[in-house]
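Quick one: this structure, given as structure tokens, is what I'll be asking you about.
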């Protein structure tokens, strides 16, 4: 296993130290409870926005804490959802009297741990906590009888947009509705050229032949839905974009598009992918109004990419354009 | 070879299309001459700042074109320095009457091609062109009888700082002096856990055993100075920082520090590295005043990291903090 | 009839913790095939914390098990943290006071634990989860009569059968469900650790 | 005495282009060992552009070679672009007018090309660069007497010897110099392509 780490036990902790040392002007870390907090939390009168999940997806979530985005992030072990104690500590630290909103990616572990935190918080403290679940991954069958779709790339866009709404002073109910709207209007799909290696596991999560790729991959190195022969950027873009367009009607609205790298894919290739995604959407009459190209929701060192498309409107675009100042996303400030 | 590309011949071109489509508000691309230009170039009365080099190091250089940084970047083929025609076209496009400054990384190819461009430009047009060569890599022996030290991570810091100086209206001579000062006060050192694969070559540039790493690696997959057994992040940080501190006295000045990823290293690990670098510097009494942690000067999908340390002063910090608005670096705007 | 007290509970938990530790790589490997390669390290982290609890500080078995459950919730994370945590919390709450305990009282407590898991995870038998190894164990225990030791043996065998039966199944809950048909042919990691738990019980509570 | 005209030059350049194309993977492999794995693709890109020039559009050999040099400068990049480009520019400028040409005129022209490379790259013999294959070629050519064909043969052998002699050297110029002692034991890619150039000349200009 080739990694720049000290010991596998301390990967998350060591990295949090680095994050705080590098971005101490924006965030602080509560090491006892393992929570990344906005430097100036709690903001009185503002809804506190809390997210979290397994580590290994950096910059998400800890890198999205700061002005105009999250108030707190709860990092679990690598690819393991955080525990309720973290979320309860986060809720308390960010509660500015206007309630707290949890943004939860739809994984059994994340949902159950956030649920337990909310139950325990309701019992112990008086803070009003609401949750919105992101489930945007069209690679996964959506059904009442399964765990449902995974939460993937759309989480980044939701944290930015709902974060801007919270910064603007919108109240908890309005933000719950906003988050649900974003979830309803966004879809994603990803693929991997290589596996990643969970530090504690010490070997690659899956084996891929030299001429193979996984299409419909998750962000935890869960094997994808389908193994295929390597293909060109153009064909890969089609494999990702077409299922998204087939799932939701994107015509008639401007779109916020993200071409995301899984951690091991160079920017050179992500821009090639963006070019292809842009052309395919153009052919379908879909116009990209805003974009993000880069590594925003990763799977350790996995090589691969995902595409997220969010149907926008004036309000969403306004919130997208609002200033954001976090370690991982920064504009207008 | 696992890459998200169409054909190896068009890797650079396809990626430039993606860059322009994604960041058309900041840059435009002259495809005929293969030059990435600041959207609003030329800026009358401002020194034009031009850099360039082989592709495969994204976001450098094309991602650093924009307000407060470069006016133009000349991307060569992957790891191959660009040709004089590109630089001449860039010079003409960014010339606002105050002359042009070339920032050149010290590689035989880059230096010779930029030299030829300057010679030809002097003969053909009246534009005054000056060049500054970056040679900050302490992994390489510095001698009159060799090609000298390579230009690596410091290039990013130089482009930011000199770009801010140009934006502030400083004249060509002042900027040449500023760039030389930055070069004199900055040093870098890098390492790789894995090789990269040049698309046109189709296979890894070097072979590394499962328990090996290359220390003193360049940014083109040139094998490093020394092959060693894998080591912890702490030990790797020492291998990179100590030679830098041994080469230049950093005490007494605030430092701008960059912990850079080679393209295939996840942010999780880069923050672990930053933590270690910070602790080592602290032990030596060296204080980091500003930092960059992320993938800024990469080698395709290589896993590895480099450390750059620049001795700063009030003027350099002021220029560092000045607004910058480019695809790859953005703050204060 | 056996005797319920914190020392007995400690023996059980310590045995389970060492089983999980010794099998952590195997559990993680099972999770690598159809999940995200962390079930062994998750549960090992949690059970090490549980094993580090000082049995002598608890007034009774119920308090001890409640603390074990909370410790798992607070240290494991993932899907298995809340599920295992809930299981021990519910078992602790459902057990009688310390002292002599009958087979049917054990059965009631474990059934309460199972119900907690089902309420939290909403999985049914056949969904390829830990429920597939725990449900037959509880049923077999209850059907085995008054001899606690024999009941635990029956539960352990039934659990192992339930675990083995997960191999051909297509997962409908948890991370493995994302694989669809590709999840068939692999043994469920959570069902595998549950069988270790019941086997530990058979060794220490019988 | 042979005859200098654009068709002859075309034969030479076309032969060299096809040699580079056929050996591109090998040249890149040599560059992989001590450089950045692009010498073959660089030179192939440039020589394909040169081979695509229409010989009939040039008034004389000098104009043709000048254009070939500029084409290399504009398409190759890297270290070899300016070096090969300068070589052809200087050879073109130093050749006599089209018509009969003597061995010593050829030697003067190639020496001018070599001088251009040395001025641009500041490498000496022994630095493990293309200079190591070109210098002995020019020397051998000049020492071979009046028979142009024999002189080219001598130059080609000397160039191959110079190329082979780069193997044990520690590089002092170019990218291979970063490797220090580790560069020893590998054949220099630029010296290898230079030998292809001289061998092409021997086949077509003799």
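Before moving on, here are some points about what is shown:
Per-chain residue numbering starts at 1, and chain names A, B, C and D are given in the order in which the chains are listed.
Here is the rule we use: a contact is a pair of C-beta atoms (placed from the backbone, for glycine too) under 8 Å apart; a residue touches a chain by one contact, two chains touch by 3 or more.
It should be emphasised that the depicted structure is a prediction, and the values quoted were computed from it without experimental measurement.
Any chain bridging subunit C and subunit D, meaning touching each of them, is missing here; the list is empty.
Taking each chain's centre as the mean of its C-alpha atoms, subunit B lies 32 Å from subunit D. Note on chain placement: the centre of subunit A and the centre of subunit B lie 29 Å apart, centres being C-alpha means. With each centre defined as the average position of its C-alpha atoms, the distance from subunit B to subunit C rounds to 55 Å. Annotation for subunit D: no residues touch two or more other chains. Looking at subunit B, one finds that residues 78 touch two or more other chains.
Viewed as a network of touching protein chains, the structure reduces to a simple linear path. Chains that are in contact with each other form these pairs: A-B, A-C, B-D. Looking at the complex, you find that subunit C touches subunit A at residues 28, 32, 34-38, 41-42, 45, 73-83, 85, 120-121, 172-175, 177-180, 182. For subunit A in complex with subunit C, the residues that touch the partner chain are 54, 76-85, 107-109, 112-113, 115-116, 139-141, 145-147, 150, 198, 200-201, 203, 205-206, 218, 220-223, 225. Residue ranges on subunit A touching subunit B, taken from their complex, read 2-7, 11-12, 14-19, 21-22, 55-56, 58-59, 63, 78, 193-194, 210, 213, 230, 232-234, 236, 263-276, 278, 291, 293, 295, 298, 300-301, 303, 305, 330-332.
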